[in-house]
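Quick one: the structure is below, and I'll ask about it shortly.
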């Protein structure tokens, strides 16, 4: 697991990549969100066997960033000058739901700013167009999967704190939890 | 519930956001309609796991506003110069039906005028292209959900007044009801 | 019912709105067809939970008007300079079939000419591209619904006259029937 | 039936309209193919509750005409300067199959040349891109329907002659049959 | 059958038409692939009740020709200046599978070069983007259908020779077989 | 099998073609990925009866190459100046899953650089947007199929080494295995 964690660190250590947490029918898992920008006209390409709700999270993240470009010291014109590709590996596994929203947001912001995401950091949470982070399900399974993978910090909605408190504290020793209300807080925590 | 109400106030206190009322299979609920404008060409993006009828409400609201731009002191050219994104949070829940029409209308009008929506105000009602507000179902459940959430005013169609009158008045103390016939009345009540 | 009739008069008293008659699984009903024009390139937007056949009626009405622009003293260029939105209220109810054709035609012609539709007038009938009005079903139910709503004149295909003759004349006292062969006759009767 | 025949004559007596024969689950029937041209860019709009194979017949007819424009003394540029709408009335009835091909071809050729189709003439037959007319089914039912409607001439594929010969000659007295091999023969017979 | 063969010869004797062999649920059959070019921008229209795999064969044939234009002495610009329509008659019969690939290729090459296909020649075989002809199924049924239709030469993949060898030689007297490896060989054999 | 191997060599010996390994319901098989470039605007055409996940692999490979153009000494503008067609032969067989990712990548890189793929080399593995190669299933069946086909080297993810070690070494004598972590390693091994 330290080796695995190290692997995550090395392969995710580039702008545009963020680590999320998923709860699938086989239990909790970690999830990479990968973003590449190319010359383009603002088109958004989504791959990785994603369902509609997960695709909508990406669209919501992008609109938020576009509308809040100044706060991130981004030139708002960049959004219409790039093609954006978001991929979520493990194409054999169908993925859906809104809980990757914060991870989509972080990966996109990382790609556009060129700032890497803090290493050993994972996150889960729905996002809204007005900048809120909403609570999601499967917290226990997601947190344990993050622990197994050697991750050290997890960002989630303040309304999910109660779900973390129900986990036996022995199982999650060494993990720092960040409870947030807004998408801006996520980006401040995540981008280095 | 006062705290929750306060939460709604704080997170919804920006142009482009309006509070609606929904009646789902688990009962009444409040619903945020969120709108962001960006540079664009009049394209309308709709997210939040919305069904076709709900998407049609957004298109109807937009056509109405475009056609009545002057009354709202809007430059009609703005509609072809913006990309419009409407999102309804809680992507895990499928949403449909025409009853969010007035809320769509209000959120869009708020986004285009820059005027915020009155705080602690919720609404429900179908809209038409000729400017009428039509009655909708689930009034009792919607009103009780508004009350639980700490909301203080509700706008609905005059033909729904009879449904409010059937609710035990003890349950809805402190809520002001506004019964309207036209979409223009909604906007006059809702935009501050 | 006189009050209801008055309501219809007031809310439908604007160019682009025509009253049709529908026969649904719950019986006869009246139906508003609403049209708004905006700056555009001839695109046709259709909302109101409409099936494909009903959408095709709108396309057929539009092509007919475009091809017969001169007769209506319309500049034929206007069709490529406007965006056209047709909406049929009560989004919760799926609607389909060809019988709203004459109403679609009338609402569109009213919107393009700026001439209102005669008050208290309803209509039902399929249209063709060569200008014919065809007979439709559910005449008895439609006529009784028009009577209940306080309407005073009904336009339909001459081949439907036999269906009206089968209705007990006590039930339809005070309604004037117009039996037509062509779409031009409909417009001459309907536009004031 | 003479009266009905007269009705067909009057309502179909304009360029762009041709009479076909259909064989549906309720028996043989006559079928109008209606074509209107407007300013456009060669786009083909098809309405009337048509299935994919019937829509493909229209596309095949159009490509053939475009490629054989000279033979019809048509300027080949006209095909990219018009919007083409083909409608088949009676929207409540789903229609499909290749047998309306010759009628589609004739209606289109009539619309583009401005030449009317010979009155009291019906036709049925599949078309190909290389100009052949192919045999179709339901000949007996189609021919009897044409007779009932007062039609006087029928065009079909030479390979369908054997099907006509099997019909009791008393039933089809007064109808002239034209057996053709090519689409050019159809147009020579049909356009006046 | 000599007469039928003669018919095939006469109706197929034009550039853009090639004869294939199909194996359907009713047995072997011959199949015409018809191609017409018109002014356009390289768009490919496919009709004749074709399944996706058969449509993909046409796209593959077109890409191959475009990429090997020089070998066929074609100006590569012609591919972006023409609209291409491929039709396979008998619209009532659904058609699918990769085995019409060589016939699609030949018909397209014939249309673009203006060279006719050798008369009394049929073919069957899958094609690839790198120019290979692959073996297909139903050889016995296809060959017997070609024989019945009076065809005299058949082109197929060298890996299908073993399937021909299994047919009683009395049944296929007078047919010449061409076993090929590449799409270039097909075109050299087929185009006159 | 030496003869078959030779066949593969000869038919695949051109830029744009790479050999993959598939695991279908009938067992392991080899798979050709074929790529042709033509004048275009960056559009990606995919044929060969491919499922959505396999199509997404192609899109991912293309975005990766576009974003890492410099490393491959490619002018990044070339991606918007070419039409790209990827075909996977044997159209009768539906194909899906992420395991052709490395082969898609290699075939595309080969087409864009003009460098051929090393002969007698096969590969299997999922790809990611950040350049990782991920493990896939069916290794035993794929390796045995490669052996039967006379292939001599196989590239796969380092996490699949354990699957190779479970195969009886007598069965895979003479095959060299390359275990990789990154897509860059694949391209260094594969392009000659």
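For clarity, chains are labelled A, B, C, D, E and F in written order, and residue numbers in each chain start from 1.
Quick note on the criterion: contacts are C-beta pairs under 8 Å (C-beta built on N, C-alpha and C of every residue); 3 or more make two chains touch, one makes a residue touch a chain.
The structure displayed is predicted, hence computed values, not measured ones.
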- Note on the structure: Given that subunit C and subunit D share one sequence, their CA atoms superpose after a rotation (degrees, nearest 5) of 60
- Query: Which chain's centre, taken as the mean of its Cα atoms, is farthest from the centre of subunit B?
  - Reply: E
- Residue-number overlap at the subunit A/subunit F interface, same or different (half cut): different
- Message: For subunit C versus subunit E, what separation do you get between their C-alpha means, in angstrom?
- Response: 52
- Query: Once you find the CA centre of subunit B and the CA centre of subunit C, what distance in Å lies between them?
  - Reply: 30
- Multi-chain contacts in subunit D, i.e. residues touching at least two other chains, fall at none
- Query: Can you list the ring's chains in order, from subunit D toward subunit E?
  - Reply: D, E, F, A, B, C
- Message: So in the complex, the part of subunit F that touches subunit A is made up of which residues?
- Response: 52-53, 56-57, 59-60, 63-64, 66-67, 76, 79-80, 97-98, 101, 126, 128-130, 132, 134
- Task: Under the touch definition given earlier, write down the residues of subunit C that touch subunit B in their complex.
- Result: 11-12, 14, 16-17, 32, 34-39, 45, 47-49, 85-87, 89-92
